[in-house]
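I'd like to ask you about the structure that follows.
Each chain gets a letter, A, B, C, D and E, in the order it is written, and its residues are counted from 1.
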Amino acid sequence: MPNGLDIPFLIDTFFVALTGVPIAMLITIVSLLIALPLGFLLALTRINRMPILNQFSRVYVSFVRGTPVIVQIFIIYNSVPLLLGTIFEKYNINMNVYEVNPIWYAFIVFSLNTIATLIEVFRSAINTVSKGQLEAAHSVGLTTAQAFIRIIIPQTLVVALPNICNATVNLIKATSLGYAMSLPEITLKAQVAANASYNYIEAYIAIFIIYLLICSLVEYAFKRYEKRLRKYQIAPAA
Amino acid sequence: MEKYFDATYIWESIPALLPFLKVTFMVAGLSVLFGSLLGLLLAIMKLGKNKLSQQIAHGYTTVMRCTPSIVLLFLIYYGVPAIFINFGINLNDMSSAFFVVITFSLQFGALMSEVIRSAYESIDKGQYEAAVSVGLSNTQAYGRIIFPQAFVVALPNFGNALLELMKEGALAYTIGLIDVMGKANLIIAGNYNSHALEIYIGLSLIYWVLSIMIEQFFLKLEKIFSKGRKDLKTA
Amino acid sequence: MLEIQNIHKSFGETTVLSGVDLQIGKGDVVVVLGPSGSGKTTLLRCINFLEKADKGEAIFGDIQVDLHQASKKQIQAIRKRTAFVFQNYNLFNNKTVLENVTEGLIIGRKIPKEKAIEIAKNALNKVELEDKYTAYPAELSGGQQQRVGIARAVALSPDIILFDEPTSALDPELVGEVLEVMKTIAKEGTTMLVVTHEMSFAKDVANKVVFMDGGVVVEEGPPKEFFENPKEERTRKFLRRVLPDDFIYHI
Amino acid sequence: GSDTTSSTQEAEASSDGEVRTVKIAYDQASKPISWLDDDGNPTGYDVEVMKLVDELLPEYEFEFVGTTSDDLLIGVQQGKYHAGVKNAFWTEERSENFIYPEEFLGLSSIGLVLTNENAHIETLEDFASAGYTLAPIAANNAQYTIIDEYNQKNPDNPVQLEAGDQFSVDVIQWVNEGRVDGGVAIEGSFEKQVTAEDGPYHNLVNDVVYNEFNVIKTWPLFNLNEQELADAYDEAIKQLKEKKKTNELSTEFYGRDLFKVLDSVER
Amino acid sequence: MLEIQNIHKSFGETTVLSGVDLQIGKGDVVVVLGPSGSGKTTLLRCINFLEKADKGEAIFGDIQVDLHQASKKQIQAIRKRTAFVFQNYNLFNNKTVLENVTEGLIIGRKIPKEKAIEIAKNALNKVELEDKYTAYPAELSGGQQQRVGIARAVALSPDIILFDEPTSALDPELVGEVLEVMKTIAKEGTTMLVVTHEMSFAKDVANKVVFMDGGVVVEEGPPKEFFENPKEERTRKFLRRVLPDDFIYHI
């Protein structure tokens, strides 16, 4: 790089971009909160091969996984208001579709995406919990719902945790695409800052460091949590 | 809604987009090739006994996992030539495809190292022991018994990684490489940014069909190579 | 106490049970023998509704149920009167030993927590696990796990305990400790229906031995008669394969 | 980009011994200013002018490299490209990072796209006073800077400015839907979309209006080490302007000879 | 034929073998008994270099090896004279039954393919698997899989075959078929070192029984003497636990 790195700018941008972290984390957390239960339920519909829902979730997963997120963002961001607008017009609902904060679209897009990932994650995780656990729960008089809440889900979660961690890291990274919806998250903040002084490389390095920090922290937190959840899996003393 | 939405744009976009799959395939193909080699190397480092190389390989994987592709791409696109210029090598004339392939290979390598490692670890140690106990050498045991089985385990994850790679076209476009995604952007620009929704729907249809084909292809492969594996048998 | 009539069960094409009848009196210990695939496990599972029979009736003291069309309520009622001990233990992996036993009491039976813990400790002491309350299943040997499985069943004080090959997943040396526990419980008057390959248990403890093959009961009777004087050719053939005919060492 | 097209005027250029090939980056998705057409050739007002410049400079051969405007800015700054065209306006920050030549490249009419009911809004002041919402503008687009500068000059009456991405914002549709009250556009593309008979939004010709609030000079950006190239450019563009070539191209690509209003242009 | 001297082996802190000696003559069938964790498996694995002993020597006819410092060449030489039958079979999952047997012959021993196939078929016929040449391991029952494991070992015509609990992963009913095959091979004069819990096999087939506990040989002798008249208290305690003392039915 001919003019060398502008370190003070890099540091400034780092802090500017840091102010985008709350939005990125908000999207991540909301999407996870929506996607975890739905992903789990849809995974069950696939495992139990429930007639219509199973087909639906197969097609859904295949579409979401088969197409780039940025394209999905575009489609949702542009078609949802059109659809809603048409519907509102038809039924004379007096509401302005366009006053909606774009973050809602981000919630929708990233939730839909995460659900698709988690369906597959839970599907394989549930399969690793032996059927015997459910049967044992039934045999001591628990209902299916009780068995799931108290026995199956806690065990599924442990197995699924590494993959959920993966999905979370990918989600955090993907929120950088939120700039396409004018969300003032990390990348957009850094770009606006870079635009003021034209130090793009420094801006990218700042973004790089921030994501690296956040994602490693998240990975670390998941590992710690997994260790705690796994307490019951300690190998028997040799 | 009809005011803006015109489905004919979808059907018209598809034939215009299809030829650019060539570029998508070329980039993906090269990245898979180099990335798999890198992944193999990293997996060997992770599985080896040397603590230092284990840590390097794990650290590398973490960094790659945590870096958004777009950031990595720009760091490579501008950083690599800047480094090479110090050795008197001018990479600025290289096609942007070159940098895209480097970026994807680095990422794919990190992904593959995990795929290869877990596939290797899924093979029962007894297979190796049985092989040496009938007199095979180390190399023969790996080449004839371990790897063929690990390969089958790795296939589905390999397919997934490949799918992810195919979808990164949006990235390549930011530095001007025109694959299907880039072509879609050009078509939209050609329409003065209008009817973008339809073009992107056309694009996502292509991606969707493509990913289904890849998935099916890998299922077939798995079936062919998994002769003798348990799940073939229905109890 | 428990009477089973005419159970039928198929999985797709394969018929597994084709008309099995069974009578078990209060305090009886009934052992079911039979070659692999003869439907022993399926029979037990149908009784506990882990599998839905295609046809058949169960009379449980005052309750009479159609095994194919039982309502949820009936199923719960019958499950309250039975308990199951699984071949591979099926302890709740995410719960401690004590929690494994209390789970069904507190959540299933709605017994107050303190009372439940007392019952559970009693049951665990009976199987000599007083020092393992807070251990997780993964920290126990197979024999200990199966003893927890038995304590879990006993604590529910069911009318009948169903055992599906409770020792066959154990190392030979650990088999003894589990059989010992089962004997103790049997002697206390618990009604038991046991699928096992342990001939010594059948001989020593059972009141009745039932031999199944191909989804039907081929022969049944008191153990002495059954082993010394089997009537059916199929029974004889089976016993010849399972008992080491030349194993007569004394120590 | 892999799609590079060298100048067609090699015969002329090669009369001189030393020919230097320089890379001119252009935004390949910015019709009608610059774009890659269906046959894979670069074209557009900015590109065509630069082609003419190339013809007049035998010692240079221009190689046009298509890319995105993100990459163009970084690339020209870092020296990956020697110069770039993307309908660039002059801004203070840019002038520190790029060489602006003496002579501008073209003119761009910048205005507000509004619905018919809001046709009375003529200036950014009006727009701001009305409290209207504006479609997001890509942060690296000079339109963003222009609004930003306005806001800094009028801290009491700022326009609601949001950074976004041009790829997802279809200004005319958004305005017509009511998703936003107004958007910034340049006249050329409004003309081609709405006014033109075959424009994709010609059906909206009675619903939306374009109110010009400024005509701005656009510039090629040169890498800081390319003063010589910038000087050569100046020579050539002067000749072209004298020959009214730029006026012709303006009419061809923007549907209007913007040079007629040159006198009123401030920057 | 095979003499083992003073094997020591620890895993980290835990000492598993602390000075085991063993003599096996040509044609001998030696059975090793002992409680779980006593080091039986480790002993076998050290002999075949699947585990590296910390100390010890092996004398294999004319070859004498330091078990701790054997060269690659020596290891290969000894592995050529031994074969291993694993508890959980360890068949090559990606090879057919026939390929499982020929693999070691063609690749390991460099025997021409046609000759190898002939040998392999012979060995497979001996264990009555002539109709399974092209099946994959996953398509076989446990008993069949273990028979392939034995054929794989036999085909190598090693000086000695090491068996590590070859029947303990099998369903009770399938145990018989594998023991039968082992008896046949033993009668043909194959030298065998067998870890097993099958007392009937020890009694019927072995020339010598070795009892291990805590990493040392506690007692050894001919089976009749060993079972009827064990000298050591530890041996007696073990036998009492493993043999069902009241199992005296005849059929």
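As a working rule, contacts are C-beta pairs under 8 Å (C-beta built on N, C-alpha and C of every residue); 3 or more make two chains touch, one makes a residue touch a chain.
Quantities reported herein were computed from a predicted structural model and do not represent experimental measurements.
*Asks:* Please give the intersection of the contact partners of chain C with those of chain D.
*Replies:* Chains that touch both chain C and chain D, as defined above, are A.
*Asks:* Treat each pair of touching chains as one step and give the shortest count from chain B to chain E.
*Replies:* Minimal hop count between chain B and chain E: 1.
*Asks:* Among the other chains, which touch chain D and chain E together?
*Replies:* Touching chain D as well as chain E, we find B.
*Asks:* What's the farthest chain from chain C if centres are computed as the mean of the Cα atoms?
*Replies:* Of all the other chains, the one whose centre lies farthest from chain C is D.
*Asks:* Any idea whether A-D or A-B has more C-beta pairs in contact?
*Replies:* A-B
*Asks:* How many Å are there between the centre of chain B and the centre of chain D, using C-alpha atoms for each centre?
*Replies:* 37
*Asks:* In angstrom, rounded to a whole number, how far apart do the mean CA points of chain A and chain C lie?
*Replies:* For chain A versus chain C, the centre distance works out to 46 Å.
*Asks:* How many angstrom between the C-alpha centroids of chain C and chain B?
*Replies:* Distance between chain centres, rounded to whole Å: 52 Å.
*Asks:* Specify, in ascending order, the residues of chain A that touch 2 or more different other chains.
*Replies:* In chain A, residues 1, 74, 78, 82, 85, 200-201 touch at least two other chains, as defined above.
*Asks:* Touching two or more other chains, which residues of chain C qualify?
*Replies:* none
*Asks:* Please output the residue numbers of chain B that touch at least 2 other chains, ranges allowed.
*Replies:* 4, 74, 78, 82, 196
*Asks:* Name the touching chain pairs, please: which are they?
*Replies:* In this structure, the chains touch in these pairs: A-B, A-C, A-D, B-D, B-E, C-E.
*Asks:* Help me check something: in the complex, which residues belonging to chain D touch chain A?
*Replies:* 70, 73-74, 77-79, 93-94, 96-97, 136, 139-140, 144-145, 162-165, 167-168, 170, 177-180, 225
*Asks:* Tell me, which parts of chain A touch chain B in their complex?
*Replies:* Its residues touching chain B are 1, 62-63, 65-72, 74-75, 78-79, 82-83, 85-86, 166, 169, 173-174, 176, 187, 200-201, 204-205, 207-208, 211-212, 214-216, 219.
*Asks:* Using the touch rule from the top, collect the residues of chain C that touch chain A in their complex.
*Replies:* Touch residues, chain C against chain A: 48-50, 76, 79-80, 82-84, 86, 88, 90-96, 103-104, 107-109, 136-141, 152, 156.
*Asks:* Could you pull out which chain C residues touch chain E in their complex?
*Replies:* Residue list for chain C touching chain E: 35-36, 168, 171-173, 176, 197, 199-200, 203-204, 227-228, 236, 239-251.
*Asks:* For chain B, which residues count as touching chain A in their complex?
*Replies:* Where chain B meets chain A, its residues are 1, 4-5, 62-63, 65-72, 74-75, 78-79, 82, 163, 167-170, 181, 196-197, 200-201, 203-204, 207-208, 210-212, 215.
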